[in-house]
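Please find the structures below.
Here come two complexes built around chain A, the first alongside chain B, the second alongside chain C.
Our next item is the complex of A and B:
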């Protein structure tokens, strides 16, 4: 019998806390076959990341494997020496870590950090280790046929192909080339004037344009430092060359690449464009998605058999998430690398894996084929996870509660009205103006939830900052309860009133609470600033607020570091509620939370809305969340308002392609 | 990068002007008449003293005196001491001595401080770590001159390993002990700073990623952890150069070294405004250049500073 790629049996992992052993993983057993995609799903604290890190002996802090067995291709890893693990990391098991922002060393160039992964594992940059599926099993093949395509080789191949195509089009190749300075067609596909050059040598314009287009397409398929002989032959055949011609060309030119090319090739494999130039940049010049691609390139450098993807996209926009996950999927099929996903999102896990393992409190509660688990969840915890996953739910949350709102007071129908709002920023170092928000108009009706959705850079946060009066619009107007924002900010009285009525809750519950303030003080602070009541009545109010957000009274004397992320976000909500605001602006307020916690917070927000008649302006990149909380949706792209309407309508019947793309990016949405 | 350095260099100009003006003002405000002090108990006629005053521009208003001084500095003419020696000569003979002492101290700071910092940071909580930490605490709490006398007594007088004083013998053998004593407190701080930085970075995400790539421990520590840990250490060492120059006053007295500190001390006690201002100006310039080097080294160590706006 052939060994499984990975076989974990009866694994126990302990952490030492205050000299006592705390069990994080209790008797976990599972297998990963060659080339298989397996996902471990669970909330934070379920032991899923701990299990993953134990596979490469990188448990944080005091963690250690207490008992059990981890077998990689039949070899026992538990108890293996530190030195032996260095051989396994990178070479046999690659890790794509969770947070792309903190996982690259800020002081070294991207290329350098990827090059390290090559040299640390003694990977010959000339050859690729190839894994191919044969008879249903992935086998490792070593062959001299698997040399990488080099930079110079690609150009020579392209010129030769140009020759062949000209010949096919019945031109005298020698004559044509005789009229061209060969140096002129250096970067064949990139030269925009290739058409002109060919024309000047007597080629008809239509033929020249056709050949140029084909060369360009070929160029895109031939990836320096990533394509191997086999790939090049296949590609050339697709471009109507005979097998013999292709083989001859490959034998002649494809003889391995340099390390620089190999680094660029790895980055292209991970889906980065202009990889050669990108490799010379530093991490801070990369966006989150680009960094994650660099980390994938790094993990794949030594062609591991198993790729551990530890929440690889939880910090990214949905559309970026989809592209990254699709890329990992593609790598899985083209290179035959097995993937172990670690995630809290059941929808994502189901869409991108063959097998699903659900973990809860250190134990596996359910496992099986992904679709099977999704369609027929047996364990109550799995059902709970399914219920919580916004991507798998299609209807708005409903709260049963008696509204205490006094409707006798006349109030304007809309809390906010944005009229032709535009905000321009000066680009640093130039005189150019950049339109972050471009002429958008919409209304935020009272007592409802209005969501602004878009990717990073769409301008949604700029709108939020203008709504909070933190940025002044370049043109257009904002009306708050029928008063112009300009007038509000100029009058002290109106401004104070505005600051009471509009309260923000931000994304990061760790960063938005002062670590030196007790939680009671944090909640009471707005009351103090606005001089509401005396210390006695404030204490009373703090207790009421904590009750509203369903936290026990004893948190008053505790500090932010003693609370979980979800509890901290509750404190932030309590603080926002302290002054009885009209509107709460929720800027990615649940994006950093686990699905289960996220669902609880959303439910809480929904209840509060019913109870207190609150208006929410919900800023998020996650359409799935919008679906379950918002009444109206505004979709933004590059500063422009793409689409707006009732949530139900937009989800059922999106009119714009962009909205459709956003909807498609929700993982697992089409599985149910 | 060139632009970054250019901006930093330009920024030093107002700093130099401001500090020299301040120092000159402080010396100007010192009580007593320096010309009378110069001649001691047997002052010459008022007319003769006026000649001296005119020669040293002491009859001019403060701001004119300062401008004369500034003009002199720009032409490398710092004026004369009361004994008639050129101040530039005094600087030329004493500065190299102090510079040797300071550079030897900085050398120890880097080698011993950073070295022990790395080892204790990586092996935190072990016996070696605790021993080093305890020792640094002891050294930090003892004043430098006490440590100087104790070292003199033990290593020179009792054991006879090194000479007790320096005097005119400026060589590594004589300078070793003074340099170590001068550097001792700084070494302790550098060890502690490096250790805590290493300790923090040891658990950084990118360090785990580096390990996950398959790098060995040595590369992870020396390439990934160390460079990120060095930024604050470099700041400290750069700023410390000024401290070493100031600290040299005490150390030079204990070990009888005729450096800047020694000259500064006697200049102050004699009320020689020109000499004191010139010496302090030199120290300020060294301090500014050291800080400039720190800024450049900073940018070298961390690309985010290099390319950062503002």
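Our next item is the complex of A and C:
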């Protein structure tokens, strides 16, 4: 019987708060086998990250393993000295941290930082360390077969392959090469004008084009600093070379890589294109997804046996998330690295792992094969999580109708109409204009929820700010209840009316309330600003509003720092409702919340809509949420409107490829 | 590796409390109450406030501490060391050192506190305007701040005080110090306002329809003032030192008035014979300055936004 890669048993972790021990993890036991993908799922405060950090002795602050055991390949880690942990971090266990934006040092080039990961672990950059399970035993292979392909070697191999192919196509190679400028020959295989050069040397156009295409395909497969001899032999065989030819060539040329090549190789393993050039760039030149890839490359530098991915994609767009997770998946299959995902997303966990562990309040409540747990959840908590996960639910929320809306008053059918809306920003330091929103038109029908969905940089927030009158459009028009926004902002009376009828709720529950205002005062503030009622009637109204958002009256005298994110978001909603608005603009209003809380808030919003006849304009990046709350969807991509229509239609039958990609990127969507 | 994964389910008795329920077991704590609860646990705060209170009582009611008139000196008592009548000895002119030190607290504290109040007030106003309105106004005000910052303080103070040579009032010193004291609070306030201005609750307030001025006074100002208050307290000590420096140079208060700087300057010549003449005013000056620095530090720790949440 082989030891498990990781065996955690009966782990207890305490934090010291105000001199009292607070238990964060209580008796957690699980195993990770070699090459297995395990996901720990839980809400914030469930102890999932604490468990993961204890594995590499990186518990924050006052955290301390109280009892239990963590065994890595049979060796006990609890109580191991700080020095020994240095050997384990990076080499045995790699960590991909949560926030790609703050985990790279901005003053060093990406390549240097990966190089640091290599030298910190004394990694041999010539060989790859490959562990294989042979007859149930894990063996480290360290032979010439694990030598990396170097940059010069690739060039020479490509020229030689070119030779062989020309020969196969019945050309006299010496004659052909004799006609080519000697200076070009070394770089010949990579030249864009290879077809022309070969043609001028007497090769038929069709043959030349064929050879060019094949050499390009071969070039893409041979990755400097990442492909080892075995890979190169296999690749060459796929390109119609005999095994003998391939082996000869490999022995002649593939003799290990330089550190620079190895860094490039690691970056390409993590899925970055043009890795060589990318290594010379600084973190600020990278997007969030690219930074996360660089961090993955760093974590993989010393070929760890276990990769801990702590919410690796929660800061990224869905389509980027999918690419990163697919890449981690591939690393798992090709390199045999076991992966421990830490995530709050049940769908993601199920799609990208073999085994799923559900944690709640420091305990494991359920664990098992991912699909089994997903299809047949047994613990009430897991069931609740399943019910709340928007990605796993296909239908819109329903609220019992309890409408108090007076339908006798005639109102325009659409609250907002956006007509050919364009917003250009001046790029700093240049005279160039950047189109954040590019000629979009849509309507927001009364009493319904319209969602604007898009990834970061799609212009959705710019639209939101224009709808709130915080930004003026460069061209085009916004009609609010048939009045043009321009007129509204110019007339005091109309502007006041507009500010009453349109209320925002923002994303960050921690930033959207003034920390110095008691909650009662925060909810009453809109009434105060618009001079509604006297202080007594305002107090009465505040109580009513708190009841609407299901918070007790006790909170009136309290301050925002005492509330959880979800509770703060309720206060923000109460504040928005204070003036009986027509429309509430929800700008990523539930994105920062845990699933169960998110579901509650969405249900609350839905009930309020039914009850008060509200119109919602819902700005979000999360298509899964759109699916359960919105009636109409607007899909935006880099400032342009890609697709619009009824939610049901778009989810069933997306017409644009971009929308399809967004839908495919929702993790776990196709599992149920 | 592909061995079967067991399906484990914990006991159902796991406590599933209602999600996100508001529990009101804690005492009500606003940020100010919270800051207060932090500050009263800081021993440094208590030590420094007690010293500051003692000094304040000396400044307000010097008669409580010493019945001797610091200006009535018996030349026959010249250069005495400590005794029951003169606990800290006497000066060359035979004045009681203890009385001089007690009476010297008033001008020192008055100058320190008044300069800080005036400088901070001007600084807060200018910094808020620069940070809130931005644009050209910000550029102009920031350059003005830079210009004042670039002037060597002592040199400029010497030049300004030359204009008031005839006057003996402490106001000339307060005026001179204030002329340069407003720049750092202004800078601090400007950057604090810039930070708070970008927070979502400000955008939320604008979208609610509140006016610019309401926003500035009701939200931005209260949220950005705390670092300014903390550094202002620390600065009080600095201005007390600045006053004694000026007096030492003979530019501060006139030679007829009692102040620590004046006494330190006078003691210079007799350092070898009566070191106590130098020791006591210097000690009072150092302890006062330190107390204000400690007080400011403990206020800053309590108001530190990073400690919140």
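Quick note on the criterion: the second predicted complex is superposed on the first by the 605 of 672 C-alpha atoms of A that agree within 3 Å, B and C clash if a C-alpha of one lies under 4 Å from a C-alpha of the other, contacts with A are read in each partner's own complex, and residues count from 1 in each chain.
Keep this in mind: a residue touches a chain if its C-beta (ideal position, glycine included) is under 8 Å from a C-beta of that chain, and two chains touch if they have at least 3 such contacts.
If you're wondering where the values come from, they're calculated on a predicted model, not measured in any experiment.
Visitor: So, A:559: does it touch chain B (first), chain C (second), both, or neither?
Guide: A:559 contacts chain C only, not chain B.
Visitor: Considering only touches as defined above, state whether A:97 meets chain B (first), chain C (second), both or neither.
Guide: In the superposed model, A:97 contacts chain B only, not chain C.
Visitor: Thinking of the overlay built on chain A, is A:471 touched by chain B (first), by chain C (second), by both, or by neither?
Guide: After superposing on A, A:471 lies clear of both chain B and chain C.
Visitor: Would you sort A:367 into first (chain B), second (chain C), both or neither based on which partner it touches?
Guide: The second partner, chain C, only.
Visitor: Once chain A of both complexes is superposed, is A:116 in touch with chain B (first), chain C (second), both, or neither?
Guide: first
Visitor: Who touches more of chain A, chain B or chain C?
Guide: Looking at chain B versus chain C, the one contacting more residues of chain A is C.
Visitor: Let me check the overlay on chain A: which residues of chain A are in contact with chain B and also with chain C?
Guide: The overlap between the chain B and chain C interfaces on chain A is empty, containing no residue.
Visitor: Along chain A, where are the residues that touch chain B in the complex?
Guide: Residues in contact with chain B: 56, 58, 60-61, 82, 86-91, 94-95, 97, 99, 102-107, 116-117, 120-121, 282, 284-285, 295, 298-299, 301-302, 428-429.
Visitor: Per the contact definition, I'd like the list of chain A residues that touch chain C in the complex.
Guide: 33-36, 133, 354-355, 360-361, 363-369, 372-373, 376, 378-381, 384, 468-470, 495-496, 499-500, 502-504, 506-508, 510-516, 518, 525-526, 529-530, 551-552, 554-555, 557-559, 561-564, 566-567, 572, 575, 596-597, 600
Visitor: Write out the stretch or stretches of chain C touching chain A in their complex.
Guide: For this pair, the touching residues of chain C are 1, 3-10, 12, 14-16, 19-20, 22, 24, 26, 28-32, 34, 199-201, 203-210, 214, 219, 222-223, 308-309.
Visitor: Considering the complex alone, what residue numbers of chain B touch chain A?
Guide: It comes out as residues 203-206, 208-217, 219, 223-224, 227-228, 301-304, 307, 309.
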